[in-house]
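One chain, chain A, appears in both complexes that follow, with chain B as partner in the first and chain C in the second.
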Partner chain A sequence: MAEKTLLQIDHLKAGYATKAGFVRAVDDVSFSLRRGEFLGIAGESGCGKSTLAYAVMRLLRDNAAIESGRIVFDGTDIAGLDERAMNEYRWTKMAMVFQSAMNALNPVLSIEEQLVDAVLAHRNVSKSEARGIATEMLELVDINADRLSSFPHQLSGGMRQRIMIAMALLLRPDLLIMDEPTTALDVVVQRSILQKIQELRMRLGFSVIFITHDLSLLVEISDSLAIMYAGKICEYGPSRELYAAPEHPYTKGLMSSFPTLTGPITRMGGIEGQAPGLINPPQGCRFAPRCSSAVPLCSDREPALVPTSAGRLCACRLCGGMI
Partner chain B sequence: MTKTILELRNVSKHFRLTGIRNIGKTVHAMDDIDLRLCRGESLALVGESGSGKTTTASVIAGMYEKTSGDILLDGQPVRAFRNRAESLAYKKRVQMIFQDPFASLNPTHTIRAIMERPFLIHGLAAGKTALESKLSESLEQVGLSPAAEYLRRFPHELSGGQRQRVNIARTFAVDPEVILADEPTSMLDVSIRIGIMNMMLDLKEKKNVSYLYITHDLAGARYMSTRIAVMYAGMIMEIGPTEEVIANALHPYVKLLKASAPAPQEGKRNDEVRAKGEIPSLVSPPSGCRFHTRCPYAKDVCSKEVPAMRDVGNGHLVRCVLV
Partner chain C sequence: MIKDFLRTLVQNRKSLTGLILLGTLIVVALIAPLIAPYPPKSDRTERTILVEEATGDPEIVSEEYPDKDIEKSVYSVTTKKTWEKTVTYFPLRSKPSKGHILGTNHAGNDLFSQLIMGTRISVFVGLATGLFVTLVSLTLALLAGYIGGVLDDIINFFTNVFLVIPGLPLMIVIGTYIPMHGVLPIILILAFTSWPYPTRVLRSQVLTLKNRDFIRASTMMGERTFFVIFREILPNMISIVMSEFFTVSLSAILAEATLEFIGVGNITVVSWGTILYWAQANGAILMGAWWWFLPPGILIALTGTAFVLVNFGIDEISNPRLRKR
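Up next is the complex of A and B:
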């Protein structure tokens, strides 16, 4: 591959200790991300996509842990780094935009204080220089500099989310992880935020991991796409190809789950049943209990994520004639 | 033409704000709404958050008293209920499905207690055996079978999709004529949404009810309805047959909504969404056309007077002076 790999995840396992037992929300996930690449991760609630993001940022809660696996960021395995060393990475090299921008900003501090704080915490610059960086970044997300003195409650949801993006990009990170950044927003605002992210990515050259449950959104904006189900990646590949010809039955089901604005209105199938719990996941293929094309063998052994064609990976016994 | 079951004539709903600083201020949540719903028809009410679509449903459901205008059910004007009997008689005919399946079922009641209520309150089951058979029938027609298995459970033992099915079963229990469905699938996982939508379409055919299907998703509206009304900032901007409104959107706001919706089948799109900003405050809504502050085509006249609904033929009406 010509482009340089920025992030390489190898056999990552992470989960939560709960009263009912251990929930392995990320189970043996591997993928790599090139510099400047836009990777979309799609999956339903509880499939482990947010846990994956938090694990990469090393921001898991106290009851959660990375069990095994490597997270190689720009040549260094950060899976085992201590907090002090990790702080060299967070925000400066990798930054995150959280799901509810409404709550992620501190309500009692002005936008300026929050932005300047972030710069001062990581860079050895004067306060006025920090303000300069903040102003410049705010303008990049189309927010007038006179908004610096505003408080979060004086801004609309879309503006707050743009400020969150500006904040994440303040120190020009190489990787931006976005966890459902537009879910709480209206379609029109969502569209303008997505356009802004694309524009900034072209300009600043960072890589993006974009996590969402809305697959239809990802197909348009991402270079590659990973579909997660019950803690595992079940299909991975270039997004256009994956959309045009999904191979995994779960991906196929997802594709026939959202109505379209054009073309004939045909009755859509969706997927029967619901995702399994992760304390005792099903034996073999985790999708087998809901899969309409499952054969008995599917529940015996877990299918590996294997190449089916150039650049495409699929974890299904039935793709690529592997029965 | 099929018979009209529900009609709204110039209905408005203004909420007076409370608090010392808000004396004299009102929220214009719903202004000059004209709607006609035929028997057995599904009309989608589409709009972003804050557009007044839920207020419209709540006013029709009798939860809020309208500020002005007329609501007619089967040709008879609906007046404020003077007693419980009047309220019940109306609610037997007009039912509502709420958005949040996690909040709309009492967590301390079993599904049996929840499902018995409509039959008992409206006196629809004479005797224990009749009640029992009605309970199983209602649950089984929404795909919750065996019914006995579900009747003894509590809401927390059901998934979001199953809870929404209980909500729908409860709504259909009284054999209503009009169902106001307030974003019934927006809180559910993508893969189960279609299942709920298909079931609602089947039930509509079977029971010959009319739906006012509220959604923010234009594609979902297309799947569920034969006519679409698009609301913006408390007013209807465009209404007409579904395909007509989506394929030949005339109002700039509807065009914007359409351009913003994800459309993976069209590939990576370059059409810039030109309108800026977000839905205006409804405390002091913009003068004239409520969309003029964001409209890329706005002229002087747009800020001066509220455009009237103009019939462009074929039951397609638009509120824009430029059309």
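Up next is the complex of A and C:
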């Protein structure tokens, strides 16, 4: 796969204007994504994962907005594009699988109508051609073409999610953003969906940003992992290395909060306390109040995201982020 | 789509019953003059028969011989016809009988004929008002709910104002002031006083749909505003739109009857309402003349039942879950 950068995010800040103040849900986040790469973003609820995804798609609505930063997609900064220009990118070059497939399909329209509508909204093709594209895509996600006339309620959760994936891939985008796509599904279906995505990625060569709070899902499937905490990336690196030797105390905490299937049964560690509010985030390192390795210095100075070893980044005093 | 629509309506037993009822009413309304035994406003029948026809002797008026081989003459014959005309005045306030199956009213008009012809006016006023109000309130609701902003504030303000004004007194006031020719003024008055409620209901439905995930998803996919409104939102609202249509139609039939009953409407028109008006004015209830005031009441109730039954079928269309497969 080509080592070309598809998406480059620089110092992105985005958030929500509320009565209590501006909630900066994504605070100074930078990362890059190569063509064909599978990036997993993990973190607990409310750490800004979804906001990041919506910001990249430029789908922040109502009181949400991108404050500053650059989102360079395929050589163009899309952070400042207007809606009309953005529509050229959305769905044709970057698509999204939404959190709840249960609700993302219109209950009164058949699967076929919805897939065809999605094609027709972007491509100037005839109805029968659009139907052809839809059928082909549906078969790619292992759904029989005779399901086209079904209504969403006649399908299982896993099938609906696969249809959402088919809908996202209809126009062969370069980037697929998946916002907790398997959250509402059982583990067996989760696994089959992940395998399907992997298989399709090999075949079609798109990049994936996979967002989840379930780190265990990501470890074996993703190329790289970014761990987010309170709106910031606290650790980034190739997923196997990151899994084998986490450096940031928060990542260590996350890793110890799910059991191994094969190893000895031990009491799980977990992380004490709760994630901080983002209106007035704590001074210094945001994880310091919950960190077992925190020293007084941690609450004064904010650690920078610095490279530790090849391709790995970490924002912690222990990794040299204070120097 | 339309085929599915009709099939669903017919497959559901309740809506089939409703459709048959409604269909019957509409057919009766359309062919009313053929069914009604007498003109609704006449109080008599006139029958004229030829009694005798006598032809007199021919009289020669003139004769001429234009040529030696031709004889030309002009005759005149007088025929005398004798006709017999029988005018039968209907009995006033008669009980149901063979000639008048629902009796007659105070003026001797046949009540059955009035009932049949009244169906025409009542059903027409009901459906026309229903259609008109539904279109207006649906447009307002979609604009207010989906586009929102200042437009929503304006539409909402007027909806609120009109919701506060009690409908019936307003109808009576307007009805008293504008001249009544035909039924169009009635339709306009009914439409004017009944748009706010469906607008409010439909607007709130648009608002909840607008924030559903699948609508958000389709806007994110880049579908155009009009497409989202008509393709994604509207089909999800069919049942509520239709139920509003039937509710408005039914209340229009009731309100029309009410206006006619209290004498604000056009009492020269024959409708279920005016039958009730004359029944009331002539003490039909006191006399126990049930054949006079009961049938219009029953028909009004039956129309309502028909609307409600059809609604059951429409529910299935907009909610595919209810369909039997």
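The rule is simple: the second predicted complex is superposed on the first by the 317 of 323 C-alpha atoms of A that agree within 3 Å, B and C clash if a C-alpha of one lies under 4 Å from a C-alpha of the other, contacts with A are read in each partner's own complex, and residues count from 1 in each chain.
Operating definition for what follows: a contact is a pair of C-beta atoms (placed from the backbone, for glycine too) under 8 Å apart; a residue touches a chain by one contact, two chains touch by 3 or more.
All of these numbers come straight from a predicted model, not from anything done at the bench.
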More chain A residues in contact [chain B versus chain C]: B
Partner chain(s) touched by A:Asp117 [first = chain B, second = chain C, both, neither]: second
Chain B versus chain C as contact partner of A:His153, first or second or both or neither: second
Partner chain(s) touched by A:Met96 [first = chain B, second = chain C, both, neither]: second
Contacts of A:Asp186 with chain B and chain C, given as first, second, both or neither: first
A:Leu215 touches, of chain B and chain C: first, second, both or neither? first
Chain A to chain C touching residues, read off their complex: 57, 59, 87, 90-91, 96, 98-100, 103-109, 117-118, 121-122, 151, 153-154, 167
Chain B contact footprint on chain A (complex, rising order): 44-45, 156-158, 186-192, 195, 213-217, 219-221, 240, 243, 253-254, 256-263, 265, 267-272, 274-275
Interfacial residue positions of chain B with respect to chain A in the complex: 48-49, 159, 161, 189-195, 197-198, 216-220, 222-223, 246, 256-269, 272-273, 275-276, 278-279
Touch list for chain C against partner chain A, complex: 212-215, 217-218, 220-224, 227, 231-232, 235-236, 238, 318-321, 325
